[in-house]
Amino acid sequence: MSLHGHVPPEPDLIQLLTPEGIRVEHPDFPLSITDDEITSLYRDLVLVRRFDAEATALQRQGELGLWASCLGQEAAQVGAGRALRSQDMSFPTYREHGVAWCQDVDPVTLLGMFRGVSLGGWNPNENNFNLYTIVLGAQTLHAVGYAMGVVRDGAVGSGEKDRDTAVLAFFGDGASSQGDVNEAFIWAAAANLPVVFYCQNNQWAISEAVERQSRVPLFQRASGFGFPGVRVDGNDVLACLAVSRQALDEARSGQGPTLIEAYTYRMGAHTTSDDPTRYRLTDELETWRLRDPIERVRAYLVREAGVGQDFFDALDAESEALAERIREACRTLTDPGPLSPFDHVYAEQTDELAAQRAGYVDYLNSFEGAGH
Amino acid sequence: MSLHGHVPPEPDLIQLLTPEGIRVEHPDFPLSITDDEITSLYRDLVLVRRFDAEATALQRQGELGLWASCLGQEAAQVGAGRALRSQDMSFPTYREHGVAWCQDVDPVTLLGMFRGVSLGGWNPNENNFNLYTIVLGAQTLHAVGYAMGVVRDGAVGSGEKDRDTAVLAFFGDGASSQGDVNEAFIWAAAANLPVVFYCQNNQWAISEAVERQSRVPLFQRASGFGFPGVRVDGNDVLACLAVSRQALDEARSGQGPTLIEAYTYRMGAHTTSDDPTRYRLTDELETWRLRDPIERVRAYLVREAGVGQDFFDALDAESEALAERIREACRTLTDPGPLSPFDHVYAEQTDELAAQRAGYVDYLNSFEGAGH
Amino acid sequence: MSTMSMAAALNAALRNRMEADPKVLVMGLDVGKLGGVFRITDGLQKDFGEDRVIDAPLGESGIVGSAVGLAIRGYRPVCEIQFDGFVYPAFDQIVCQLAKFHNRSLGQVKMPVTIRIPYGGGIGAVEHHSESPEAYFAHTAGLKVVTCSNPSDAYWMLRQAIECDDPVIFFEPKRRYWAKGDVDTDARPAPLHKAHVVRPGRDATLVAYGPMVATALDAARAAAEDGSELEVIDLRSLSPIDTDTVVQSVTKTGRLVVVHEASVTLGMGAEIAARVQERAFYSLEAPILRVGGFDTPYPPSRIEEEWLPDVDRILDAVDRALSY
Amino acid sequence: MSTMSMAAALNAALRNRMEADPKVLVMGLDVGKLGGVFRITDGLQKDFGEDRVIDAPLGESGIVGSAVGLAIRGYRPVCEIQFDGFVYPAFDQIVCQLAKFHNRSLGQVKMPVTIRIPYGGGIGAVEHHSESPEAYFAHTAGLKVVTCSNPSDAYWMLRQAIECDDPVIFFEPKRRYWAKGDVDTDARPAPLHKAHVVRPGRDATLVAYGPMVATALDAARAAAEDGSELEVIDLRSLSPIDTDTVVQSVTKTGRLVVVHEASVTLGMGAEIAARVQERAFYSLEAPILRVGGFDTPYPPSRIEEEWLPDVDRILDAVDRALSY
């Protein structure tokens, strides 16, 4: 026999809403959802996109140093984010603005690090939304440790709806190649932890296409570690919601980890510093525009749910108000003081650092009226 | 559907020689082998075990600081080692004494680092046997890089028997959890490199049973990365040989990586510093004794191949001679000089280190006749 | 007050903290049934269970990374790295996450994680089992780094490290694990980051820490026979450094020799020299000298005793310092 | 002789070595079509092909680990680490394998691997994109560590690093990538590990390297206006260190200030201070002072200019040194 004989077939994406906005059923992932709920998902998608666009604009205007846009990935993020219960914890990369939104993190909070006035600075335990993590993959191990704590706290498989807790760990197609992510798989599998790994395969890691990382679909990775993996249409918010719910439910009930690959597309540049024209063809972008995560929901709402123009007009107004608020608030995010770097290095400040800080205070004071 | 519904069945081990010494066929891994060849494999197994036992004894006598015995894993190692062609390269951990033997590395060479007179000190390119690597998993990435070089050298898929080259990378069940090993899988798969990953699952990583690392058989890991994995009876030298040959052949011809899990058992302690009675039951050892990798070949040779007592007597004598030679040679492995640490830090010595060395020479000279 | 080995003292400290605080967990390789390769965690799993004394999958990045996650959830993990040379796979998680998380969160998330690392040479081991990586961590803002030289400090400093709300890298001098000493578990311990004058003297100061304290004391005894009184300081804390105690001593003696096993270039001796020459400039009667490992990889064990600082090399440096 | 940016000079050096030696490979993240996030490898993949300019899977340990394997096979890989803060996942492979392999093999296997790392701050970036990790590597025996401060050095030092049979960690001051300077590609370059006196002076010595050389020169110009002549040394090589050149200068000036962006504790300044106070003890008229990043994580970019050493902080230290 040839060891290399067998080539597995490419899987179908799990889809519940086609790019044309047609609601379809998937035998394994039934979703009962009202049109009102879909409308509310649509609102999230639109507001996230608007907020994201505003941040990109703020970067262009010099108000932010950088922005990592989630354009095109709104459904993957809102679908997952809306599947979380209030006790669940999420561990984002640096691009999950849509998840932050669903977790009620004020968008303005996210701007701090991109503006350069903080390194994050929010409290992960406030909205159960961890700090953005820039070193790729590191947060997946944090999710694992957090989940170990969840288990030890007896917050898995108790059957109590408000107690049982799942952990949702995000990473990208590129990050899937980091040792840390694979160690996270190993730990989660070995201890059957309540972690759902959520890989947004947006086809690119900066300029490297996903084929650089893997020659098989990424969701398959999980099976080798002994837990289920599933690929979902990442531009279909209903499918992302249904699959995330299922995986989170199973995690909470003690059935262990799942890997979800949300198959989507980074419609924009990697960040505002990036120039994707150097490495990808516009054709590709056009193909993906036809699969836009928002358009299909709008089509559904208009055609199937009879949502009228009033709603869309009101949402436009709400979007603009949001953008306006963000714009204003961003401009007022003030620079930290020169002594702030010393403030939170330690929970228990050291004499050494206190002395270094004091020396710096003296130095700064030496300029007062010194004509420098 | 429950994502967690499916439990894959435990696989059968690939086996060509039963623990009772009965030759069986496996449909996927035919092996045509003469009794002479089996006799020669037997000789390797016996000599490796004898050499290994001698090293353990030398440690007890204080001639070695440490020894990591391969007792019980001889078949896994000799089967793989004998499948290599002279142009292939192997990357061991610290326990592949049986592979070293097959690669014509003098056992005495291996003793240096365990005696503490060197850090390895052999030339990997001399016998195509890389230096022992103690940091778990690191060598699997070296194997990947080496294989990248092989491909660039045009030494894959050329169809020339003496040119096409494969790389064999060893690691243990414990090491399979290291990020590096998983990154090696990713690299090898993505670039379709001629690497055969050879995991000796000897059931233990010091005191941790393999269940700590994985809840599914380790060979399955490969499928998630998109290349074949196979589990072989690691105590069956014929099966190990057949499967390794096949995987190495496919690597050489350009079909890419394979993961072989050789299912075996560490019959001894982790190293001479370890006390396995603290963590495992002797029952387990008894079970595995019945699957001894050498006994079954001997049974076959006696019963099926008509090999007579003369041969075994001669081999005993050869074993003792080998042990004797090793014992003698070990005692003459001399300590390096006090200045040797400076010799090979750099290929191009720095003035700085040369000066440090010179200062140390002066210091040492200051003791001459100084009565210290 | 009782007499125990450093290994037993460390075990007792772990036990004390685990009893006091259910949020304290122990994790690492072989820390369970085996009790760790040095038996520091001996018996803990039996008494506290498998979910508080966790045999980890074999990955150091996983150990530290999951400790960070546990800390976010409010736990207080104590990680064991099996040997000094195996901490590097966790380096990224230590430097970029553990050390920076509290700061990144503007103080809203604490990282009370202790990382125990048996370190240093002198035990006849193979490669990667005898290294002294402390300077890497002492250079990293956000970490605290300490090391003990005797059973009493081992007991108290480990307790204090676990109680500390910041990440502490706790270096254990493995070749001193079996040396015994008195431990008073009812005493009031000294502050964790305070250096100790362990032998007073007036002619020169020796600064050492961890495994080298005993060696420095031996050197001081030998020097005393030759008529020189060396003051020996056990630094104990490598970050922060108790510079005051060192400066005070040098102000008196005028001479300083710093001793450690780590390679001399950019080892702790460099920092101490840089600080002391600045703060005690007018007191110094001789340059500050350093005795450390050479700038080479750790050598094969048969010659480690020659490579490592010993009494002779320390005295040679003291002689040179005294000759100014 | 031509005028080019440091980025262009580095690109030219890579091109030169790739043309000269088919064993030279370039690998890293986004080094292919994109030409690297800083465009240092711009156009190389087009000209040398995908098997010599390799877009790696996204893992730094994989990049360095496979470079080690390539070196065993006789190749001469040049790895790019995308930003300073992302080198840590490769730390184990660098410290335990790359740095030690030649020694482990008793000199029988060479490790001619160059690791290029854009480093330092001042570009307004987010976390992990502005760090100065050079001391970790300079403390590691078996590595050579260098850094350039101008296009000419960038060109020649990178060529020399690639030609060197030892592993070289090559730090590129990212905020100086676009500054232009003359490069004479026909010149005879200075030895790789030689420090350069880039401005002569008699009152005090400033040692800097990489991004801080320009700042030190600015400070020297400002000091000159106030009547002090500072001698500025561009260290260039961080391991080995050309201590002689520094000592010679201090012997003349009697005063030394070392400047770098890295946190001051256990930064390069510590080692230089330790060496110079030993070798120039009687010449020093003031303690050696250090101006570096504070012992904190790198701050948010809006205040990085305050955190980083600048002309004022350097002059403040110079004033203090001169006041002794």
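Every chain is named by a letter (A, B, C and D) in the order it is written, and numbering of its residues begins at 1.
Rule of thumb we're sticking to: contacts are C-beta pairs under 8 Å (C-beta built on N, C-alpha and C of every residue); 3 or more make two chains touch, one makes a residue touch a chain.
If you're wondering where the values come from, they're calculated on a predicted model, not measured in any experiment.
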Quiz item: Relative to chain C, which chain has the most distant C-alpha mean position?
Solution: A
Quiz item: Does A-C or B-C have the larger number of C-beta pairs in contact?
Solution: A-C
Practice problem: Between chain A and chain B, tell me the centre distance in angstrom, where each centre is the average of that chain's C-alpha atoms. | Solution: 43
Self-check item: Centre-to-centre distance between chain D and chain C (centres being mean Cα positions), rounded to whole Å
Solution: 30
Practice problem: Provide the C-alpha centroid distance between chain A and chain C, rounded to the nearest whole angstrom. | Solution: 40
Quiz prompt | Centroid distance [mean C-alpha coordinates] between chain C and chain B, Å | solution = 36
Quiz item: Where does chain C touch two or more other chains at once, residue-wise?
Solution: 56-57, 59, 61-62, 85, 88-89, 92, 96, 100, 103-104, 127-128, 141-142, 239, 241, 294-297
Quiz prompt | Numbers and ranges of chain B residues touching at least 2 other chains | solution = 118-120, 135, 177-180, 183, 186, 190, 212-213, 345, 352-353
Self-check item: Of all residues in chain D, those that touch chain B in their complex
Solution: 25, 51-52, 54, 56-57, 59, 61-62, 64-75, 77, 89, 92-93, 96-97, 100-112, 141-142, 144, 164-166, 193, 239-241, 243
Exercise. Under the touch definition given earlier, write down the residues of chain D that touch chain C in their complex.
Key: 85, 88-89, 91-92, 95-96, 99-100, 103-104, 127-128, 135-136, 138-139, 141-142, 239, 241, 262-263, 265-271, 273-274, 277-279, 281, 284, 286-290, 294-297, 324
Exercise. Quick one: which bits of chain C touch chain B in the complex? Just the residue numbers, please.
Key: 29-30, 32-35, 37, 55-59, 61-62, 85-86, 88-89, 124-129, 294-297, 299-304, 306-307, 312-313, 316
Quiz item: chain D touches which residues of chain B in the complex?
Solution: 89, 118-126, 130-131, 133, 135, 138, 140-153, 179-180, 183-184, 186-187, 190, 343-348, 350-353
Quiz prompt | chain B to chain C touching residues, read off their complex | solution = 65-66, 94, 112-120, 134-136, 174-180, 205-208, 212-213, 273-274, 278-279, 335-338, 340-342, 345, 352-353, 356, 360, 363, 366-367, 372
